[in-house]
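Letters A, B, C and D name the chains as they come in the text, with residue numbers starting at 1 for each one.
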Amino acid sequence: MKNTEEIFLILKNNFPDSELTLKTDIPAEPFIIVSPFDVDKISLFLRDNSELQFDSLMCLSGVDDFNGQKIKDEAGNEIMQGGTLSVYYHLESTSLRHKVVLKTSTSRDNPEVVSVSEIWQAANWHEREAYDMFGIKFINHPDLRRILMPYDWEFGYPLRKDYQNPEFYQGMKVPY
Amino acid sequence: MKEYFNNIYTALYTIFVGMKITFRHLFIPAVTIQYPDVKLKLPERERNRLYVNMDDCIGCDQCSRACPVSCIEIETVKSIPGEDLGKTSNGKKKVLWVTKFNIDFAKCCYCQLCVFPCPTECIYMTDVYEFSEYERENLIYDFVTLTPEEREQKKLNFEKFMAEKAAADAAAKQAPKDEPKKEA
Amino acid sequence: MSVRTEEMVLNMGPQHPSTHGVLRLELTLEGEIVTKVVPHIGYLHRCFEKHCEAMTYQQVVPYTDRMDYLAAMGNELGYAIAVEKLLNIQVPERVEYIRVIMAELQRIASHLVAIGTYGADIGAFTPFLYCFRDREKILHLFEITCGARLLYNYIWPGGLSHDLHPDFVRLTREFIKEFRPNLVELNNLLTYNRIFIDRTANVGILPVETAINFGITGPMLRGSGMKWDLRKDDPYSVYHKFDFEIPVGEGKMGTVGDSWDRYFVRVREMEESLKIIEQALDQLPEGDVTSAIPKRIKPPVGQVYARIENPRGELGYFLISDGSTSPFRVKVRAPSFVNLQIMDELCRGHMVADVVAILGSVDIVLGEVDR
Amino acid sequence: MIYNFFYNLFGSEIIAGFISAALPLLIFILPFALIAVLLERKVAGHMQDRLGPMRVGYHGILQTIADIIKLLQKEDIIARENDKLLFNIAPILVFAGSYAAFAAIPFTSAYIGANIDLGIFYIIAVTGLVVAGILMAGWASNNKYSLLGAMRSAAQIVSYEIPTILVVLTLVMFTGTTNLMTLSENQTALFWNWNIFGGPELSLAKFLLIPFMIIAFLIIYISTLAEVNRTPFDIPEAESELVSGYHTEYSGMKFAMFFLAEYANMFAVSAIVSALFFGGYHSPFGYLGNTLDIQWLIPVEQFFWFTFKGVFFVFVQMWLRWTLPRLRVDQLMTASWKYLIPIAFVNLLIVGIITLI
């Protein structure tokens, strides 16, 4: 059993080059912020290190942080420029029974995160969902397609906060 | 070889056991009921079609706000002084004319969230569950007791009252300014 | 001379009797042997997560019901626990006990559907109706408690919408008494039937390492022989007060982790749930169930991941609050969504008929997969 | 009797023979199918703690008639890509196959459609038409599910013909006849003269034969079950896997033909089993007509007993269907080739040896 602080220290010692931040001031759960291009290395270490053994990815969630600048586009709709999209990884070790939360943020205009689906197969569909809903591109993902939305949906990423519903999709009226 | 005969034995034996069970059930009375002829007695907490007792409704809009699918639409008009709207059964004084109280049962999800916040307990769920319709529009229920003319009347009354009040206010504001001019 | 054969692509679903909803499986076949399975989901996508961002915390509850509609109580419980963690409130003891009773009854009801439809998938239709007969009694218990049979809106953050009905305890005890012999009968009719065993044993074997790597949880993981149950391993509510076993797959009829094991874990879990309900009914404290419900839910800025053991596996809610009355982000880690991923791995090299048997043993609810 | 009437009417042997063989059977099959469908639904209902159809007529007795009327009104859908000729012929062929099988089945000592000496083999041969029809239906539908169903069905029926024929051979060897009429006639008088109890001759062999006859009966019952595609061998239809197999694409009256053929087939195989092992149309307890000395009553009684035995075995088929899960294709083949055929062979040998002594 290790808590987030101890895990953070282990990570810090093993990855002196990466940007790692521990965030504990937010209520309920502390988490470790990692860089989007180091996620795979850190994840592999977390899984294979004998002290950590994070063998299970419980949950992977994309989040629109909605912290950029609000501007109006030509049509007068409010859209967001700049800011970040985040991905949260909830990891668990079934043998050592400890948990950790990783967070990585990527720019909203060109969101790219390294995929962890090679490390945990469970991430495959979760990453596809994050791609589908937020447009986060997972580098090295084996099969990055839309998953819940139709494959030919071209009106943006629905869970972004500034998402606008299209009027028509293939001739069908969208808003009810 | 032993396995071979064991397979035959287990297959026949388990089939026989299963057949015995189903045969026994052939004589057990049915657990189903003949629905439209026989109906189950509904428990008292049954959640089905909503009903609004308009005599008690004060038009506070709390049910509409609690609704997760926004199926309740309420519009109210303030009463003008001198109109007596009566009291609700638990003694609250009504001050608003409810000119629109529509519930769209095509949208309603029967979650009962609208029932809890009501201060006068005038919206509640009844045990009516057979109210299917051929047209979706027919599922929009209008609970207002006023006739359409009365609704228009109330709106007009209020507008007129407001206009008069505004005019009166304007006149009142105007009046002090006007007076010195006259004298001058 | 060699015969040139061509692979056939068979679309199973979205309208198919045994895809348990609107799932489309794209099977690549060589004769009747499956070489590849590609699941296509999303036909039942109802934008749960987007909806939540426009709802108050209270209004989300009826929406959670509609995810895993066979285990709505569990969904509400998970959500309530997440919000309570965020608000940092304690709920009265009685509420916790009633929640456990409801969740366990729901587990039995849900497993009954899983087992019944599994039998129907394999071709035995009669056990399906026996299961539904018993499930009906559980639904009646829910109906007298909160007035609804499928989508309850019963467990709220902070409490419950209603207290128990005065007859509830008596009726539940009667149900348990009636249900035990029915379970034995079900075992004789279906579980130990030779044809059923032939169809399910050694089909779709899931080794435990693969299961963990794929994030598989619930009866599927336990069927692979791993003793992992959040009720014991990460206890929530008052589960630590009850004495019950965690059934795991033992490979009694074939290899550990085959479809029969997954099926049988569910059967035995129902017995364990009965034990929990009996204990909870014995210890049920008195008290008020609505006292801790906050009038207006406005949690502080923060984020929480709460999880419970739903009948299909680990149901997790990842809530982010920005301090307003509606959640900033709700992500649901739906067990069926994760479990469905393994289909390709399990089905390869089996026959078309086995795809049905494996899908049934994975036990998905499309409402939850697509959310 | 009927033959003479029509012979006088038309003056042609062919027409008279054809009508006298075909007409009474049609009059029997159609109402039987109606009753059997209702029986199936009622049996299923009561076994599942339900009631089954209840709304058309008293306890739903008119339900199947209502269904037939519905099916008659239905649009006959033929998809654009279907092979229309085969698609249309297939249901007729399937029905013709099972209908033709009835011709050689003795209903009473007074009536048999066509008293052929090779009766039993004729039946087995002519039911082969059903396979052709099913294959046609599966191919012509241009539907992958239908095709899979048809292939499975062909494989299944072909492999299950072997144990059937082996058991029939056993019986033929033992009784020395392939004429079903003679076969039934041999098992006359009381029920211990039935072949399942070792046949009419009272000797040591009779008692030795009983267990092997029971085994033979089980084998032929199981394999005929497979031949008519009933659960646990209903993989060609396999509702939960193949939607409904070879008749997925059929609607309206053509679907009804398949349905009719299925139920007719069920009765046909039950009738064969009862003719081979259970005395055919003979009463187990002697005839009322004999005691009362009313000659015309005997065929009526025989008809009653024959239908009773047939319906009983049909009932058992239904009972099995609502109890058991379905086998997989390879398991189905295993059951036939590794279990039924070797056992049937050994049985054949043993019965042969016993009849020799």
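Going forward, a contact is a pair of C-beta atoms (placed from the backbone, for glycine too) under 8 Å apart; a residue touches a chain by one contact, two chains touch by 3 or more.
Being a predicted model, the structure only gives us computed values, none of them experimental.
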item: Chain whose average C-alpha position is farthest from chain A's own; value: D
item: Interface with more contacting C-beta pairs, comparing A-C to B-D; value: A-C
item: Most centrally placed chain, judged by C-alpha centres; value: C
item: Between chain A and chain C, centroid-to-centroid distance (C-alpha), Å; value: 26
item: Inter-centroid spacing, chain D versus chain B (mean Cα positions, whole Å); value: 59
item: Centre-of-Cα separation between chain D and chain A, whole angstrom; value: 64
item: Intercentroid distance (Cα basis), chain B paired with chain A, Å; value: 41
item: Contacts with 2+ other chains: residues of chain D; value: 47-50, 322-324
item: Sequence positions of chain C contacting 2 or more other chains; value: 126, 133, 189-190, 193, 195
item: Sequence positions of chain B contacting 2 or more other chains; value: 7, 15, 18, 21-22, 25, 31
item: Set of all touching chain pairs, with the criterion as stated earlier; value: A-C, B-C, B-D, C-D
item: Touching residues on chain B, where the partner in the complex is chain C; value: 7, 10-11, 13-15, 17-18, 21-22, 25, 31, 43, 45-47, 66-68, 109-113, 116, 125
item: Chain B residues touching chain D - in the complex, by the definition given at the top; value: 7-8, 15, 18-19, 21-23, 25-32, 34
item: List of chain D residues in touch with chain B within their complex; value: 43, 45-51, 54, 319-320, 322-324, 339
item: Of chain C, residues touching chain D in the complex; value: 8, 10, 16-18, 32, 119-126, 129-130, 133, 189-190, 193, 195-196, 198-199, 351-356
item: Contact footprint of chain C on chain A as seen in their complex; value: 26-29, 31, 55-59, 61-64, 66, 88, 90, 94, 97, 101, 120-122, 124-126, 133, 146-150, 158-159, 161
